[in-house]
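Next up, some structures in structure tokens.
Look at the two complexes coming up: subunit A is in both, with subunit B in one and subunit C in the other.
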Partner chain A sequence: MEVTLSSRSLGKPGFLSDLRAFWAIVWREWTIFKRYPSWIIALLIWPLIFPMMYILTARALSGMDGSGLAVFTQTTGASNFIGYIVVGTTVWMWQNIVLWDVGFALRNEQMRGTLESNWLSPTWRFSYLLGHTGPQLITMTMFILITAIEFGLFFGVRLNGNPWLALLVMLTSIPAIYGLGFAFASIVITAKEAHTFVFLVRGLVMIFCGITFPVSLLPGWMQSVATWMPQTYMIHGMRAAAFANASLTELWPDLQALLLFGAFWLTLGYLLFQWMERRARRTGAIGQY
Partner chain B sequence: METTTLSQPTFATQLRALFVIAKKDWKVFWRYPLNAISHVFQPIIWVTPVYFMGKAFSTNGQALGFAQYSGTGDYMSYVLLGTALSNFILTVFWGMGFALKEDMDAGVLESNWLTPVSRLHILVGRTLTSLLTTTITSIIMLIIAAALFGFRPTGNVIAAILTAIPMLVGLYGFGFAFAAIVLMMREANTMVDVSSFLVQGFSGANFPVKSLPYWLIPVSLMLPLTYGFDAVRGWLLQTSTLLPINVEVAILIIFMFVMLWFGAWIFNRVERKVRRLGTLGQH
Partner chain C sequence: MSDFAIEAHQLVKKFPARPGTGDKTADRDAIPSQPKKRSLWPFGRKEPKALFTAVNGVDLEIQRGEIFGLLGPNGAGKSTTIRMLCTLLEPTSGTARVNGFDVVTQANDVRRSLGTLLAGERSIYWKLTGRENLEYFAALYHIPQAIAKKRVDELIERMELKDRANELVEKYSTGMRQRVAIAKALLARPPILLLDEPTLGLDPQAARNLRELIAQLKQEGHTILLTTHYMEEADQLSDRIGIIDTGKVIALDTPEGLKRRIDQKEVIRLEVTGWQEYIGEKLRGLSEVSNLVARKQAEADLWEVNLQSNNSRAVLPKLVESIGQNGTRLVNMNIVKPSLEDVFIHLTGKALRD
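For the complex of A and B:
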């Protein structure tokens, strides 16, 4: 008697089941996150101490009589150097955290030994990455709020612009920042040990995007590199919206660039994920570490 | 039944053990050459924003505001020297604790502990290679940074090195105490990251501590590293120092003896405790 084996999956994937899987991943990540409460300390301390080191250096550069500060105000157009630095360093920290959290999401699961078994479930696999983004966005929102509160309370930083426009710049930045994280996750799962890549990418942001200085101070070739990095527009746009009272029209060039970069990085992130998925199935690399 | 050990520890065997530990770490370090490149370029990346920020505060390349606090307008030499010294501080201060954590995670701590070698020697041995590699990478870093940003030490190099020695030796005491905390807590990454950042910041790695808000200056003056940074800069860059350099050197020498004794005392007590509790192999 001949027996025909069907290779069809017993799962019935559909939009609703994918949504349920996505929600399950979000919930799992949130549960793991809450399990280690030391993050509360990190969330309260890092927003304050990382910018503070640059701020204290800037304070020393200002001089006892404020003569250095007068030069800074003339060069940058910003009288509040604390707010100026906090915006730049916060954008850097945001990108840095996304690279570690989202960029290493699949790799961490691989190290835990659960990636292969999850991969076998009849789920849209990109939801593994998207699921990591949910809790990450919540914690980053808390991070940015805590930054604003701490610098408002301890350093007297006040917004001199439209907070809704500053929020708009942040929202417009999300696709570019997380798209880069998605692209990174696929590279990490292929290259395995990829800490050096994180150091490289965050180093580029630190050098070229003007986290503590105006990009116009960079040599010409460095300014050209800066124009190809979305973080440059984020920092410029957020400073203009928060401290220079810029209007929507004035912010439009930054917003436009961020939307374009967002579309590019999200597409590239998705394509790289698909390439990695095919490659992993062909070579069996998912289980290797 | 006699429980005497079969080993015959002597000064020569302890030295050989130190050499073997250092050789093992040397092999591991060069097994990952990207790490060496990262050690050179990471500090350069971190000081680049300071370089351009300094330009925004400077007139004709001179940070006149900075000179009011430090006695020199050459802020990049000031910052680069602080960065190079910070590399050594990281190596000694935190290196021993991290090495213990690595051994815990790799599952070799217990077996290493059973060897007839003084545990403090094991800790010191773990810093020898990193001191050598830090020296090599810091020199390369300074050469590259000098080409990129300018680095002009004009003072007495020998006196600066002699001043840095008691500071580094004293840091071994800190390192022993920190290694004891790792033995107890087993996971201390957040604490290490935050405290190393704060200690370096408040001891003036990147700026003169005189420029700190008045309520933070006492914190800074309580850290012996503050006098180390200040005296080395005083010798090399002829900056204005907090106290006369001789007094700062005396503080560093006292700090060295006190910290070595205190660190070793803490470590020995904690080590006995974890042996009694049997938690050495847990991580």
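For the complex of A and C:
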């Protein structure tokens, strides 16, 4: 029999090919996301519902005439208690959504049956997680913008600070938030289940990072724990930038901590991914549902 | 460049045995036992884990341009072998090379050389269109954009998906999804194709079309490693067949060569109603009978019983006598030439779908 086929495939390896593959993963995620239209409703409703619970509680506790709010301002230094709460709850929701979304990205592919077919290609495998992050960042940006618009329209919340510095704090928070998501994604593939861990982490953020109250109200040991959580610095930095007109110099301690946590969590996320990949090759975990 | 498209030498894969599964093949000796030490560290491993040997010293040499069929019952080790060859699993020991590249140290080169169909219709995205799936995987296989576009069009045309290429895959039939999955495997025009149960779940017409396609791919020069449950499919398509059972290749030859192994035997095929297992035991006790396998048919209470014999003349009266008792009735009986399935039963003592 005459064999005419080349022993080489049509694929051309290289940095640009890997970049195009990464872009294809981003495009695929975004295209599939758009095909579930219910996300629009979630995107409009959730920014209001979760903070509302705390805002209404604060209103109730401040008394009929709202006199208790003066005590709140005295304690926190924040004149706008709604803005104060919204920043905290938005950071909490951001981390929560990343844990579910990025953390379960590979597991969802595994259950769908497509993880193996992706894994069989010569693309750099960490791209599958990185690529998932692209659309997630777009939807989170929309989420934060909608939060700002809705609270501006319905509650009259206005930024008193520098919006560019608030944006800078958000951008500096990305490595820590997503690094934690990457670490989760690898654990989920290995453990097949990580709901308990997600509940634990978001519970810790809720209690220790001061999403609706200043961390200084916590007992000393809890304040120490809070210093080891990047969300504490995100919330503090974003409140200071958006509502207290903090300067770059005043924000620098928060930014510095966020950069350090970002480097730590991204490295840990990548190392855990490498460990998971090696382990999966030994155990066959990629193909197991 | 190696003479072989795929070669494996003494390939072994062991997994930790799952507790509580009663895994009879678990092999505790696989890990050398260590003298027990008392440790203050409470989390240390207390005893070596039992291991289950899924693949036990497989040797394969597959020529370029050949269709090689790997046959075996569920759990025989054929999927584990394929998964090691396509780099999803790392061998516990032994070596394997695909297109001349080592599956452990040159895994990415192996992936570039392979087109794989592993999970069939589940291996593609149902929320993307057929075309979008192919464009996506073309990028993952690093096919330059201009070539990718032409290649996607070409494969859509070839797989007869043109009219519905822009519809979501979730609206396709199983056969169409399988065709998209095969087009995905062919995208990079890889020299070697690994097709794991390619016709599973397809209707007879779609399965026939797919078999024709596999034959065409061979003509185009692809090397194909095919696993299948369907004996006729393996017989029709394969240049050579390896029969794998309990993790070992127990026979390897051309389909004709394998059938010649039991040429001296006759295969008696019976159709029986009211079959009782004790009759099977009784017949197995006859010296002229070997490899008896009874399978329930789709029709109510109808069983197909296959057995092999060196002397059918002597055994027939005994068969008729044994079966015509206690409500069991012989409906049909044939003496047939041995098929590949009979070879399989002869070698493994069980039917492929056991």
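Everything below uses one rule, namely that the second predicted complex is superposed on the first by the 277 of 289 C-alpha atoms of A that agree within 3 Å, B and C clash if a C-alpha of one lies under 4 Å from a C-alpha of the other, contacts with A are read in each partner's own complex, and residues count from 1 in each chain.
Criterion: contacts are C-beta pairs under 8 Å (C-beta built on N, C-alpha and C of every residue); 3 or more make two chains touch, one makes a residue touch a chain.
These numbers were taken from a predicted model, which means no experiment stands behind them.
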Contacts of A:Ala263 with subunit B and subunit C, given as first, second, both or neither: neither
Touched partner set for A:Ala244, first subunit B, second subunit C, both or neither: neither
Contacts of A:Ala191 with subunit B and subunit C, given as first, second, both or neither: neither
Touching partner for A:Pro13 - first (subunit B), second (subunit C), both, neither: second
First (subunit B), second (subunit C), both or neither touched by A:Ile149: neither
Which superposed partner A:Arg282 touches (first subunit B, second subunit C, both, neither): second
Contacts of A:Ile138 with subunit B and subunit C, given as first, second, both or neither: neither
Shared contact residues on subunit A - subunit B and subunit C: none
Subunit A residues touching subunit C - in the complex, by the definition given at the top: 1-14, 17-18, 20-21, 23-25, 27-28, 31-32, 35-36, 112-114, 116-123, 281-284, 286-287
Partner subunit A, residues of subunit C touching it in the complex: 1, 15-16, 64-65, 80, 83, 86-90, 99-100, 108, 111-114, 116, 118-119, 122-125, 127-128, 132, 135-137, 139-145, 147, 151, 168, 184, 187-191, 218-222
In the complex with subunit A, residue positions of subunit B that touch it: 34-35, 38, 41-42, 45-46, 48-50, 52-59, 63-70, 75, 79, 190, 194, 197-198, 201, 206-208, 211-212
Subunit B-touching residues of subunit A, taken from the complex the two chains share: 38, 41-42, 45-46, 49-50, 52-54, 56-69, 71-72, 75-76, 85, 196, 199, 203, 206-207, 210-214, 217-218
